[in-house]
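Once you scroll down, you'll see the structures, which are given as structure tokens.
The two complexes that follow have chain A in common; it is paired with chain B in the first and with chain C in the second.
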Partner chain A sequence: MRTMGKYIVKRILLMFLTMFIIMTICFILIKMLPLPAVREMGRDVNLILAKREAMGYNKPLLVQYFLLLKNVFLHWDWGVGEQMYEALNVWDVLVQKLPYTVLVNLYSILLAIPLGLVFGIYAALKKNRWQDHVVSTLVVVFISVPSYVYAFIVQYLFCYKLGWFPLTIESLESTAFFSGRMLVSMMPAILSLGFGVIAGLTRYTRAELSEVLTSEFMLLARTKGLTKAQATSRHALRNAMVVILPMIIGEFIGILGGSLIIEKIFAIPGVGSLYVSAVNVRDYNFFMALTVFYTFIGLASSIVIDISYGIIDPRIRMGSKK
Partner chain B sequence: MSNRNEMPAIPLEKLRFAQKDERLHDVKFETKPIGYFKDAWLRFRNNKSAVVAAVLIVLLLLFALIVPMISNYDVNFRDGFYKTVLPKNPALSGLGIWDGFKKQRETQAGYDYYTSIGIETGREVVRNISEPTVDATGLTYYSMEVDSYSKVGFIYSNLTLDEYRALQQYQDETGIQVIYPLQNTFLTNYVMGNMGANLWYKLANPAPTSDGLALYDENGKHIPNYMLSANASQADYKSSRIAGDDGGTDGQSWYVYAQKNQSGYKVRVDYYEFFKFKNGFEPVFLFGTNIYGQDIFTCLASGARLSFLLAISVSLINFFIGAMYGAVEGYYGGTTDILMERISDVLSAVPFLVVVTLFKMHLAAKVGALVSLLFAYVMTGWVGMAARVRMQFYRFKGQEYILAARTLGAKDRRLIFKHIFPNAIGTIITGSVLSIPGVIFSESTLSYLGIISLETSSMTSIGTMLANGQGYLSTFPHIILFPSLFISILMISFNLFGNGLRDAFNPSLRGADE
Partner chain C sequence: MKRIISVITAMLLVFSGFSALAESAFTPAETYDPGERTFNAGEITTVKTEGGSSGEVTTDVYAGEAGKDYTDEKVYTYNTAMTAMGGGLDWNPHTWETSDDSIILDYITIGFYSFVVNSNKDGYSVVPEMAADFPVDVTAEYVGQYGVAEGDANKAWRIALNQAAEWENGEKITADDYIYSMQQQLNPKMLNRRADSYYDGDFDIVNAKNYLYAGKMSYAPLGDAKAAELLEAGQEVYLDMHGFWGMAGALDAEGKEAAKYISVTNDVMYRDAAVEDENAEEAWVSAKYLYDNYLAAGQKYESYAGKYLATGSVAPETSWDSVGLKKIDEYTIDIILNKPVEEASFYMPYNLSGTWLVYKPLYEECKTFYDASGAEVDSEDKADKVTTDYCTAPEKSIGYGPYKLTYFELDKQFTLERNDNWYGYKSGKNAGQYQTDRIVYTVIGEQATRLLAFLKGELDEVGLVAADMEKYASSKYISYTPQSYTTKITFNTDYEKLLAHGTNSQVVVIDEFREAFALALDREEFATAYTAAGSAGYGMLNYMYAYNPFTGGLYRDSAPAKQALVELYGVEYGEGKDYATLEDAYAAMTGYNMPAAQELMKVAYDKAVAAGIYDGVSPVEIEFRVYNSDTVYVQMFTYLDTQIKEAVKGSGYEGKLSLKMTVDPDYYETMYSGGADMIFTTWGGAALAPFGMLGQVYTDAADGSGKQMEIGFDTTKVMMTYTVDGKEITDSLRNWTLWANNSKDVTTIIDAIGEFTDYDYETRNAFYAKMEQAYLSYYVTTPVYYRNVASLDSQKVNIPVETYLQIVGFGGLRFLTYNYDDAAWADYIANNTLEY
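Our next item is the complex of A and B:
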């Protein structure tokens, strides 16, 4: 376990180093861009220029970077919005948007995990029979079709034709966050996101489980008198889970990032929409914060996956020499 | 019983050489050798779904390459009147499917309007008209299928003198009536489409408050309301006239076909025929048109061509960069490997979205959106390929045959390119092919979101087409249907094809998923 602890610390330190490098590069690249033009319609140009001066935009690049680092590390202050959400704290806006993204993705994963596992186990148990072929073919189809195509189908069928769900999600003013109405209004997005996750999980489960099912300890389990169901649930599934669980955990971290295109189609006011608007109006403070945010999610999920392997299965010793 | 080992004495003269002046050598194989690629091909051939997928990819590729060349339309083509017309395939029109008809529910006024176009042009505008139903408010409704092409009906057009003459000449040569008589306009709020150009019949109530109901004669027919020569200014018209108009040979007044105004001649033309006159071909949009009146079929092919071009170039460039980088990493190992791995670690940790955005902001203005996108894909895309190649090198570099070659004095370069690389090529090719659908998918996503815009006068992208159609999903789903269908088939085919390739190159991995 000591090597494990050392390994975790090493990975986390490395993650922060990587994040720091990326942050630096992105900062330089962003600051090299010209500032957005001062919009003049009904606004005081001098005020904007003064604001930029106050925000340190006219200082040398390195000084600006130092200021950013100081603000971030000492006060967790990512600056204020300049082109959108003006004068609002960037981090506050981000945190305010996060719940929508998380909730939609969380629901879709909660929907997908049981279904994916069930289909995967079923296909593995019926390997090379027609049931397996049907499931495997469907999996290829569902994995390949882009999520926005599901979104169009769901929107057309369920929202327009059948009228089961509203077109856009409820706002927090009209209903509580964990209410049934919110869930119903999120259903189209949840479904569109779910298909791909279900298919991915099915494929993964089927591959892992069918490999375990052919191993020799399964034969032993049957020989000592366990029924097929017992052997599968007690031995095969547990061993297959060693690989499947980290993937599911990785999915959970990934939900923070969300899906930009689904958020756009269903007008979910989440982090993805925030990023798209930050890019479109060129708000560099938001862009900077979201870059770091997305980088962090990517790195964190890979670390958590790696570490969870070691925790779930002590046989896998991370960071050991061999 | 003699000793078995005892040879009977053979006289010397009975002995002869088996081969005296011949050289000993192996016999040349009668059969053809099966090389690496041949072996893979033999296995690939047996994978039916992969073969079908490969054929589909080739077909889609041909579609993308050929259609923009032979199509009547191009991306620039926009028709202001044939916006959102439904898909029509002349080959299947006779069967009543894919013929541009749309089911609609219309009031009595709408019924009069659409049937009137059919009566005047002689084309089938409405069909399958149901029995009228009366709803609670007392309004009469019909459900019917309306031809989205012919329902445009008539438009007013201002022609120059040359165009006016050319059109008359066209009418005389082909015998097709394009110019129809102008009609008496009256002050009414009821104007359905094309500035009232379709109102050629008398209304039951011509007052401004008209509800648009047609006035019928005793046979239940529309009554024409054409402008008569007696009471209107008219321009010279010498071409064919519609039935029932003799041009005044019987001394009665005749219909007015054109009026002169400041800019030229105002005529009322049958748009379907006018389109043919203007463009030289019949208005047939295989996949319909979008809200700008662009031909979806051509735009889709053009967008697909762009996607293919981008994806294949990205895949090729990443193949070369990744192979070089991974080979050096994997072959030399040690410190070189660690240092180079850190670089690719950092690069792979940058979210792709951020890379695209930064490249777009920095480069799009200088080198164009497409090239900046290409750079963005190359910037981080090769990392995966390098990792794959590196792994293969680690796998092979310790094997005995490499050791043997090195002992025989083979240089690094020879070992890398002659001994290790050919062994890894299958995996590398598979990786390259499997990266193509990813590029196409993310390109369509990015252009859908508007983060990149590949829309110019001569090209469009699938993502842009989807974004344009999204607001019309409920009313005109065909705008989104065809691009979605295309990209779905493409992605499925590429995945099946890639899986087939992987199984063919690495039979031991069959069924395993990466």
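Our next item is the complex of A and C:
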């Protein structure tokens, strides 16, 4: 246990070091791209230049970087938008938009995980029978077709033609964030995002479980007198989960990322387009805040996934030199 | 024998190898001179107007529809969608930037004057709003103060304020609010983006700029002053490094970025990223080098010295009292300007169609103060920089217009509701107007979703794209909103930069090549097939531009403008010609003539070979850079490729020339650097000031350092001759254009015939149409289509004006009426399928 603790602390320290390196590289690279030239007709260009001067953009790069670090670490101040969301606090914008993305994705995987597991287990148990073929064919279809295609179909069929759901998600003016009405309005997006996850999870579960079910220890379990259901749930599934669970954890971590296209189709004010926009318009402050945010998520997720191996399967020991 | 044959064969092989090498060793000429460019603009018979043109605006306003107004007790909501909030909306009156930003402002504020539909519903009238009456010229009262001299007029204006005006919380708006708000607008520690509205154009308030920049260095273009003389006198002269040489972001050897303005005596070298090879000539340049080699007397770009060289000065410490905005009494203010306002009865209300008001208690509350190191401090006195989040949320904004903001959710929705404290409702003067109680804007990025929402009755208007037109073009609910924008195809004609592309695209420098390309385009077909509501575009300016603000006379509909295009596209009229009148010829003009294009292409080929810029056999690849690879761009490109391949048939280019599409989100910047062969360019705006348009863009240098994208087209080298009342006057196209843009720097023209604004609108128009023709006749840019927006209006509402009107559009929300209230509409759409 102490070894595990040391391992985790080491990984976390390394994570912060990696983050710092990535942050530094990204800062230098983005600052090497000049801000868009000012060519506005009939406007006082000096005013923009003076503003940029006041924002410290003309200071030497190292000074600018030092100021950024100082503001972030001392005041958690990521600055304000200059090229987008002008004058708005960068962190506030992120925090304001993130909950939508998180909630839609969370609902989506909460729906997708049980369904994916059930279909996967069912297909594995019915391997090479017609049920397995049907599930596998559907899996191929849903993995191959991009999610925005489902989105348009779901929107047209369920929202426009049948009227089961609203076309776009509700605003907070009309309902609370955690409300049945909001959930219903999110359903088309949840379904559109969920199909792909269900298909992926089904495929993994089926593949892993099929392999485990043919293992010798399964035969031993059955010869010990366990029923097929007991053997499958107590032994086969648990072994299969060593591969499946990290994938599920990965999905949970991915909920912070958002989907640019799904958010656009269902008018979700999430973070899906934020990073791309920040790069396109060269908003230094947004770019840096989002870079650090996503880097942190990526690095933290890899630690969580690595640790999860040890929890799922005690045979896997982290940090042990033995 | 075998040996002899072998030797001969080997020799033949060697010779053929050498000859092949000789063929492939063709080196295009290092330079290309398009020759002397002259344009004869013909005769202009002038009419001068004492003190410039003048006129009176009308004040008879459409009364609205009786019974359909804000007194109706039912609830009417107008639901609409926007594609995005443009990276967050900014409705702070001091900092707003885009038309999206102004949406909220347009509802929660109102200007000193409004332009509204006139009583005949065929134009606009002006009505005082936050002002009680029209402005009065009080210049004589200020003689000896604020730079006002004896005999001056139209410089100082007195405005009586509307005494019924209130903030939405019911507090009275007085002269003090205007004074405080302007002081904040020009706050030197805030550097508000809209501050320039009050000094950087014709509406230039005395000392506004000095107050804003007090203690800071500011730069003013040299204009007529001579750099050499100033330098001799010991004055500093600065070069606009960003504007002249595109050095924004360039670094010196120590990694320090090039400032925009650098003294021409400064020889610190900066790396020009546009030059790939670091050791190449001009990979490193200094302000001194650029001045000495390009802008100094006798150098290549001497004529641009007035624009790109500047004098610098530290703006003097300026007290607020010296700024030309005065409180006369509680409800009267005076505005004193540096320049007189021409055509004041129109332009004073036009310049004052907004206000700069902010609500003091909230504005102060929303400020944050920072010192020079970026640390927060507790008061403005200690601060070097002040920021504000005023108008970023409903609780941080307060208006005084017909509506108030009640809900705002970033990137999702905002809602406005009737402001019961607006004077217009209280006084009853707006009876018959403003039936809408509530306005809801929702962000829906996807066009397909917006259309479905409209068809479900959730939106009351929806914009259409090209794909929707097949279904809805004939709908009785469709309306077309013209925009001032024209989309053109622009060529790079900088020979040396084209040569560097290594694809033989330098052949486009031949004038006949570009003319052939222009004639190969069927603009009508293009606009119909690839745009939702665009119409064939032939001129630089489209049908939105009014050359006379008092009559609303449209430039494109005027005889000189039509004549210019008819001549350009070679459509003849008159006795013995194809068409009897100018009108007939203009109506028949298509700009499309493939046989003529093919003949010109043959000439272009021969010229290119003769000039030694093309070997006549190698492939020619012309790169067309586009913003993205959307279906519509691909279709547009395919069309252009097809047409140019048709145009080269029968010429030496047949089978050798092709277009290549390259996706480049920065294609404008690429063109500025000379990296693109051709691109789409769109320009427009300022629909009431057409005469300034060309001067805003086409007086910049031909090297991409300014706003002109037609790289290589040097307007100082095009000599244009007008015969003005029988007297021939020749000057460069650039100078004529500057003259039309009211520049005082073109003294040669002004000395000969006076200022542009000395003439009546018809005369100005006649001059200007010829300038437009001159630009087009070199085909460095070819108009393709005029932009329009098509939209469907819901069955729930009635649009007051059927055909789009200049300035007032379709009448706006003020005159919008409803067929259903909210409850009736909900019931109707629940039981009916909407058909459009």
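Methods note: the second predicted complex is superposed on the first by the 296 of 322 C-alpha atoms of A that agree within 3 Å, B and C clash if a C-alpha of one lies under 4 Å from a C-alpha of the other, contacts with A are read in each partner's own complex, and residues count from 1 in each chain.
Rule of thumb we're sticking to: a residue touches a chain if its C-beta (ideal position, glycine included) is under 8 Å from a C-beta of that chain, and two chains touch if they have at least 3 such contacts.
All values derive from a computational prediction rather than experimental measurement.
**Student:** Mind telling me which of the two, chain B or chain C, contacts the most residues of chain A?
**Tutor:** When the residues of chain A touched by each partner are counted, C comes out ahead.
**Student:** So, A:152: does it touch chain B (first), chain C (second), both, or neither?
**Tutor:** Both partners, chain B and chain C.
**Student:** Applying the touch criterion given at the start, work out whether A:203 contacts chain B, chain C, both or neither, answering first, second, both or neither.
**Tutor:** First partner only.
**Student:** I'd like to know which partner A:265 touches here: chain B for first, chain C for second, both or neither.
**Tutor:** both
**Student:** In the superposed arrangement, does A:160 touch chain B (first), chain C (second), both or neither?
**Tutor:** both
**Student:** In the superposed arrangement, does A:49 touch chain B (first), chain C (second), both or neither?
**Tutor:** A:49: touches chain C, not chain B.
**Student:** Figure out whether A:96 sits in contact with chain B (first) or chain C (second), or with both, or with neither.
**Tutor:** Only chain C is touched by A:96; chain B is not.
**Student:** State whether A:27 touches chain B only (first), chain C only (second), both chains, or neither.
**Tutor:** Neither partner.
**Student:** Just chain B (first), just chain C (second), both, or neither: which does A:280 touch?
**Tutor:** Both partners, chain B and chain C.
**Student:** Of the two partner chains, chain B (first) and chain C (second), which one does A:18 touch, if any: first, second, both, or neither?
**Tutor:** first
**Student:** What is the shared patch of chain A, the residues that chain B and chain C both contact?
**Tutor:** In chain A, positions 33, 152, 155-156, 160, 264-265, 280 sit in both the chain B and chain C interfaces.
**Student:** Quick check: in the complex, which residue numbers of chain A touch chain C?
**Tutor:** Checking each residue of chain A against chain C gives 33-39, 41-51, 54, 56, 58, 60-61, 67, 70-71, 75, 80-81, 83-89, 93, 96-97, 152, 155-156, 159-160, 167-168, 171-173, 263-267, 269, 277, 280-281.
**Student:** If you look only at chain A, which of its residues touch chain B in the complex?
**Tutor:** 18-19, 21-22, 25-26, 29-30, 32-33, 137, 140-141, 143-146, 148-149, 152, 155-156, 160, 203-204, 207, 210-211, 260-261, 264-265, 275-276, 279-280, 282, 287, 291, 294-295, 298-299
**Student:** Using the touch definition up top, name the residues of chain B that touch chain A in the complex.
**Tutor:** Within the complex, chain B touches chain A at residues 49, 345-346, 349-351, 353-354, 357-358, 361-362, 437, 441, 444-445, 448-451, 466, 470, 473-474, 477, 480, 484, 487-488, 491-492, 494-496, 499, 511-513.
**Student:** So in the complex, the part of chain C that touches chain A is made up of which residues?
**Tutor:** The touching residues are 87-88, 90, 92, 95, 97, 191, 193, 195-196, 199-201, 213, 216, 218-219, 242, 246, 248-249, 255-257, 259-260, 374, 376, 384-385, 387-389, 392, 407, 409-413, 415, 442-446, 448-449, 452-453, 455-456, 458, 665, 669, 672, 685-686, 696-697, 706-707.
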